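Structures are listed in the sections that come next.
What follows is a pair of complexes built around subunit A, which joins subunit B in one and subunit C in the other.
Coming up: the complex of A and B.
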C-alpha cells in the first residue's frame, strides 16, 4: 500500500497549455479514488503524471513521502489498466502477465509463482495459453488486472477501465473491480467520465476543471454537500436561484428571491450579500398551492414531461428564473401548462454560495 | 541441481540485457542516436546533392565555359540540355495526364467493385511498378517497335511505333500510372460511404458525387501520387535508354555525357533536374492543402449522362481494356518473345539468332556475364536492404515519435528527395561527392553502386516504417513503461513485434527497387554490371534474345517479390 501526495503540481504542455494547475491532494493508503471532470480538465494528465510518462513542470509528487522523480520506474510499483486494455497482442495471456516481473529481472521460478497467483486472483487460470484475440472484453480487462498483480503493483492506475465494456457488464464489473482492489490492498486512481461509476465505485472523488482541483470528497459529500457552484453543477443536476441574504442569525439563513423569501442552509454568508442557491433537481418538490405548504417559491408550470422513472417539471418562478424539478414518476399529481404551483424547498438539502464575481455562466465554464 | 543452474544462467543473461538496455535508454544515449541517425541521412542522402550545388557555385567559371562558351561547340551543350529537358517535361506532362485518367478509373474499379479476379487485377496493376524499367522498356519496345509484336496482327514487317517520343510516352505510362492508382485506391476504399449516400439522397448523380465529394477527400494523396508519377517519368533512365532512339530525355543525356566523361556539363544538367524536382516537391508540400479541385460548377445534364449505367460500364471496361492493351501485354511481351526466339529465329530459322545460341553457346559466353551480373545484383540488393533497415528504422522512429512538428515536417519532406529526383542525377551527385572529385573515398564500382542504391532506396525503406510506427497505439508503449521497461526494452519486446510486417514490407520494397535500378547504376558502376544494366548493354549490342532472357529473369524475380509483398501485407 502506498500513500500518494501531490504538492502544487503544474504541468504545462508546449509553452502555453496548462493541463494541470497547482494541484495538491493526498490519497491515503488503500483508498479508491476517482478523477472526474469535463473532457480536457486534466484527469488523464494527472494519471500520466502519476505513471511518470509525463513529468511535472513545477511541483512534486510523493509516494509514501518519497519524491517520485527520484524513484526508478521499477520501484514505483505502478500498475496501469487501460480503456482498450493494452494487452500485448503478440503474447499469450501467460506471457502478458509475466511481462512486469520479466522486465524487472525476477527469477523464473518467482515469475511462475506470481503469474499463477495472479491468474487465480481473476479466475482466469484456464485461459493462460489463450491469445488476446480469443478473449472477450471483460476477460481482457481481467488479464490486465492480473498483469498488474503479477507486477506487484501497489498503486493501480485505471484510465476509463470500463469504457470499452457494454453497459450491463459494466455495472457488474464495477463491483468486481472495487472488490478486487480492496482484496489486493491496492491504492487505486480511476479516471472516468461516467459520474455514476465514480460515485458508486470510489471512496473519494476528485472533481477537476480546467486543470484545477474543484473538490475532493466522498461521493456523499459531492452530492449532499458540494462546496462550490461547479461541483453542484457538474455532479448530478442542479438549478441555481439568485437572491440576497435577509437574515443570517439562525441555523437557516433567510434569502430574498424576487419578492418572496425562503430559508436555506446557513453558509456563513452575511446579511445583504448577493448569493446563489443551488438545489439538486431531485431534491425539491412541486405542489399545488396549499395553506400548509412551507418554505416555497411561487411559479407557473411551463411543461411537465415524462422521462421514464422521473418526470421533469419545468417551472417559471416569479422572478423570471426557470428551474426544473425531477419528480418521481409515481407521484399522482399532474400539472397543466400555466398552472400556478408552489416549489417547496427543503432547507437542509440546499447549498448557498456567494454570487460569483464573474457571473454564474462564467464560473461554470468548462 | 541442474535446474537452478540453468535458471541462474538465464537470469544472469536477462538481467545483463535489461541493464544494458536501461543504460542505452538514457537520455544522452538516445540523443546521440538521434544525432547519428540524422548525420547518416545527411551524409548519404542530402550531402551529395548539396555538394553538387556547392561545386557548381565554386567552379562556375569552368562550367560556364563548357556549357555556354565551348571553343568548339559554343553553347551547343546548353541547347541540348534545353532540348532534352523540354522533351522530358513534355513527356512527363502528357504521361501524367493519361496516368490520371487511367489511374483514377482503375483505382475506382479496384476500390468499389467486387468481381471475380479483382485481387489478380490488383496485383497486375502493381506489376509495372515492381518490374525493372529496363526490362519493361525492352518488352514494350519489342511489342510496339519491332516486327515481332503488335505489327504481326497487321502482317507488317516493321514495328508499329518506332523509337521516339510516342514510344517513350507509352512506356512511361505503363510504369507511372500505378503510382496514381496506388496512392488513392486504399483511401477510396476506406471512404465513408454514408457521405456519398447523403449526396445521392440530395439528388447528385454518381459522376458528380465522385468529382465533388469523393475525389476532393483523396486530394492530397492523389496529388502526392501524381507528383510521384510525374517525377518518375521525368527521371526515368533504364527504359528510356531503350525506347528513346535519337530523342534523348534529360536523364538519358546525363548517362551519355557521363559515358563521355563530360563532367562539368553533366553536373550542370543534374543540378537543373534536381532543382526542377525539388521545386515540384516544395510546391506540392506548400500548396497541397490550399489547392481546391477546380470546378465547383455542376453540369447536371451532362454529368447525369456520364453517370448512366451504359457510360459508366463502358468507362470501366474501357479502362481495364486499355490497361491490358497498353500496359499489361506490352509489359510482359518479352516472355512471349523469348519463346519465339528460344532456339532459332522465327523468321529465318537461323539457330545463331536464337536465345540458346546467344546466351549459352556463342563464344562471348553471355551466360557467364549474366550469372555474374545476377550475383552482383543480388549482393547489392541484399547489402543495401540490410544497411537501409539499420539506418532507416531509427529515422522512421524519429519521424513518427518526434513531438517537434517543425522537425517532423522538415524530415518528412527531406526523406522524399531521393524519391523524386532522377536517379541518374542522384547517382551522378554521389559519384561527385564520394569519388575523385570530392571525398576521394570510393571509385566507381561495387561499393559506389551500394552507396548510390542506399541513397535512392532510403525513402522506400523509411516510408513504410513510419506508417508502421504510426499504426502502433501508444498505449502499448505506455503499458510497457508502467511495468518497468526501459525505452529499449519496450522497443524490443513490444514495438518490434508490431513492426514485423512493416519491416518485411520495407525490405522487399528496398530489395526490389535496388534490383531494378538502371540510371544511377550506369553512372557509378565502373566495370561492374548489374542485370538491368547488362540488359541495356545487350540491347545496344542488338542481341535481343539474350536481352529478352535477362529481362524475363528480372520480371520473374520482381513478380515473386511482389507476391511475397502481397502475402506479407495481407497478414496484417
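Coming up: the complex of A and C.
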C-alpha cells in the first residue's frame, strides 16, 4: 500500500518529443486507477516513469512522500503484469513464482511459505507443477499476479493485462483482477486502450491526450460530469451543439441554438457568450412532435438504424447540425426518413462549455 | 460497382477444410459484412474473391462473368488488411499512387482522385509524411485510399479496424460506410465484432466452420437467430430452460425454477426448450413503477448489484432464486441502482428466442446446413 504522487512531471524524448507534459496527480493508497487515451497520449510513458525505467526531464515523483529517484529499485516495491505474460517457459509455475524471492536471497522455508501463499491467492495451487505451455491465457496471467505477491510488491503496474484474452474471458478476468487487487491491498495502475474495461474495473480513471492530463475522476464523473470537451468526446459518444447563452440567471441556462432555444446545465458562462452543449448520445430522446414536449430542438430524421444493443437515430437539426440518439433496441416508435421530430433534451444531463477559441475540431484533435 | 457471386466454392488446405460448398451473392453497391469467429472461413472467402488463392472447387463470378481463373491484378479489387501494409520508405502520397504508377494510369487523374480521397478521409495535409509519422487510424485511412485509387469496383476488407483504439474504430466505422456509399462501391468487410458488422453493413453473413449459417439484415438476424450459435455470437443472453405449456390458447414457458413466462413460439405443448433473451431487452424498473408498465411478463425480483459500464448499467438480478444479468442504457430514466432494492423485470413474448432441447443437449431449431 503506497500513495503515489506526480508533481509537474514532464518527459521529453530526444530534443523535442514531449511524451508527457506537466503531469500532476495523486493516486491514493490502495486505489485502482486506469490510464486511458488515444495512442501516443503518454499512457505508456507514464507507466514507465512509475516503473523507473525512464526518468522525468522535469518534475518529481513520490511514493509515500519519498522521492522515487532516491529510492533504490528494490525498495520501490513494484510488481508488473504485461499483456504477454513474460513468464519463464522452462520453469514450472512453482519455480516461476519462487524466482523473485530466490534471487532476493530469501531462506528456503521463507520462499516456500511465500510461494504457497501466492499460489493460493490466485487459486492456482493445483497447477504448481504445470509448465507455462500447459496453461491457458488467464492461468498464465494468474501466475504473473502470484509472482507479484511473492515479490511482496505494494504497487501493481498493469500494461494491457487483458489484451491477450478473448472477450468473454476478459470480462470474467476483470472481476477477478479487481477483487485480487483489493484483497491484497495493492495500489494498482492499469493502462488499457479499452474504455469499457477501464470504467468497469477502476476506482478512478485518468484521461490523457497529447501527454497532458485531461481529467481524473471516478467512472461516474467521466460519464455524467465530464469537465471538458475532450472527455465528453473521448469517453463514450457525445454530440456537440453550438449556441449562445441567452439567459444565465437560473439553475439552467437558456441557450439559443439556431432559431430555437433550450435549457442546459448552468456552467457559469455569462449571457451572450458562445458555447458548446455536449450531450451523450444515450441521453437524447427523439419523439414525434407533440404540444406536450418540452425543451426540444426540431429536426428531420436522416436515418433510424437498428444495431442490436440499441438503435441509432440520426437527426438533422434546424441549425444544420447532425446529432445521433441511441435509443432502446425495441423502442416502439419507428421513424421514417425526412420525418419531422423533436429531439428532447434533459437539461440536467447536458454539459455546457465555452466555445474553444481554436474551434471544436481542433480542440478534439488526438 | 460490380455484383459478386460464389457458387459452391470449397477450399481445402490439405486435410483441413477452409470453406465448404459455399454459395453467396452480393448485389451491385451492397455493403456486406462477414461475421464469425477465428477459423470460420472469413479470410479464405475474401482471398478467393480477391484472387489471392484459387478455390479447390466451385466458381466465382463478377457481374456474371466467370473470374475463377482471373488473377488478382486483373480483377479491379481494392484490398485492405488488418495490418496496414504501407511501404515504410514511401510518403503517404507515393504509397497511394503506387498502384496507378505500376498500372501506367494517367497520373494527373489519379493524383486528383487521391486528393479527393484524402479529403474525404480527413487526412489532407499528410501527403508528404511517412507512415511512421502518422497514427494507426491515419495509416488505415491511407491504406483505404490506396485500395480505392486505381478504380477498384469491389472493396474487400479483412478486419480492417481490429488493430485500432475503440474511439478511432467508432469514427472509422462511420467514415467507411459513408465512403463506400458515396463512391457506390460494392464492399465486403470481414469482422469478428458484431456491433461493427451491424453498424457498417446492409446485410450480414454469419460464418461457422467454413459455411454460412445465416444471412440477413442486422434487424432480421437479431430478431430471429436460427440457432443458439448465432444468438450467442450476436451478444450476451440470459437463458431459461423449461417446457412449453398451453393455457387458454396462450403459450407459456414453464422454467426449471417455476417461472411461468408468456412466450411466442411454434413449438407445441410439452416440448423441452431453452429460451434466450438478449440482456438489453430485459427491462428493469423500481417496484413502485410496476402498475404503469405494459409487458407480456412482469416479474418481481431483487437487485443484487448495479455497475456502470460506459453507455450501459450492468444490473445483476435475483429472480426466483435465479441470478441473471441485464443491460440498461444509462439514458433511461430511474434505472434502479441501489443494491437489495425491490425491482420488477419486464419482458415481452417476442423477446424470447426459443430453441428445442433434445436429449438434454442443445440442438438448433433449424436444420443445420450439413444435413442438406
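Here, the second predicted complex is superposed on the first by the 366 of 366 C-alpha atoms of A that agree within 3 Å, B and C clash if a C-alpha of one lies under 4 Å from a C-alpha of the other, contacts with A are read in each partner's own complex, and residues count from 1 in each chain.
We take it that a contact is a pair of C-beta atoms (placed from the backbone, for glycine too) under 8 Å apart; a residue touches a chain by one contact, two chains touch by 3 or more.
Since the model is a prediction, treat every value here as computed from it, not as a measurement.
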Between subunit B and subunit C, whom does A:151 touch in the aligned arrangement: first, second, both, or neither? first
Tell me the contact category for A:358 with respect to subunit B and subunit C: first, second, both or neither. neither
Contacts for A:90 in the overlay, against subunit B (first) and subunit C (second): which applies, first, second, both or neither? first
As a test of reading the superposition: which chain, subunit B or subunit C, is in touch with more residues of subunit A? C
In the complex, go through subunit B and note every residue touching subunit A. 7, 10-11, 14-15, 18, 473, 475-476, 478-486, 489, 493-494, 497-498
Using the touch definition up top, name the residues of subunit A that touch subunit C in the complex. 38-40, 193-196, 199-200, 219-220, 223, 234-237, 280-285, 305-310, 312, 326-330, 349, 366
Residues of subunit A defined as touching subunit B within the complex: 51-53, 73-74, 78-80, 82, 84, 86, 88-90, 99-100, 102-105, 107-109, 147, 151, 157
Touching residues of subunit C toward subunit A in the complex: what are they? 135-136, 165-168, 170, 194-195, 198-199, 218-219, 222, 234-235, 278, 280-281, 307-312, 314, 327, 329-332, 348, 351
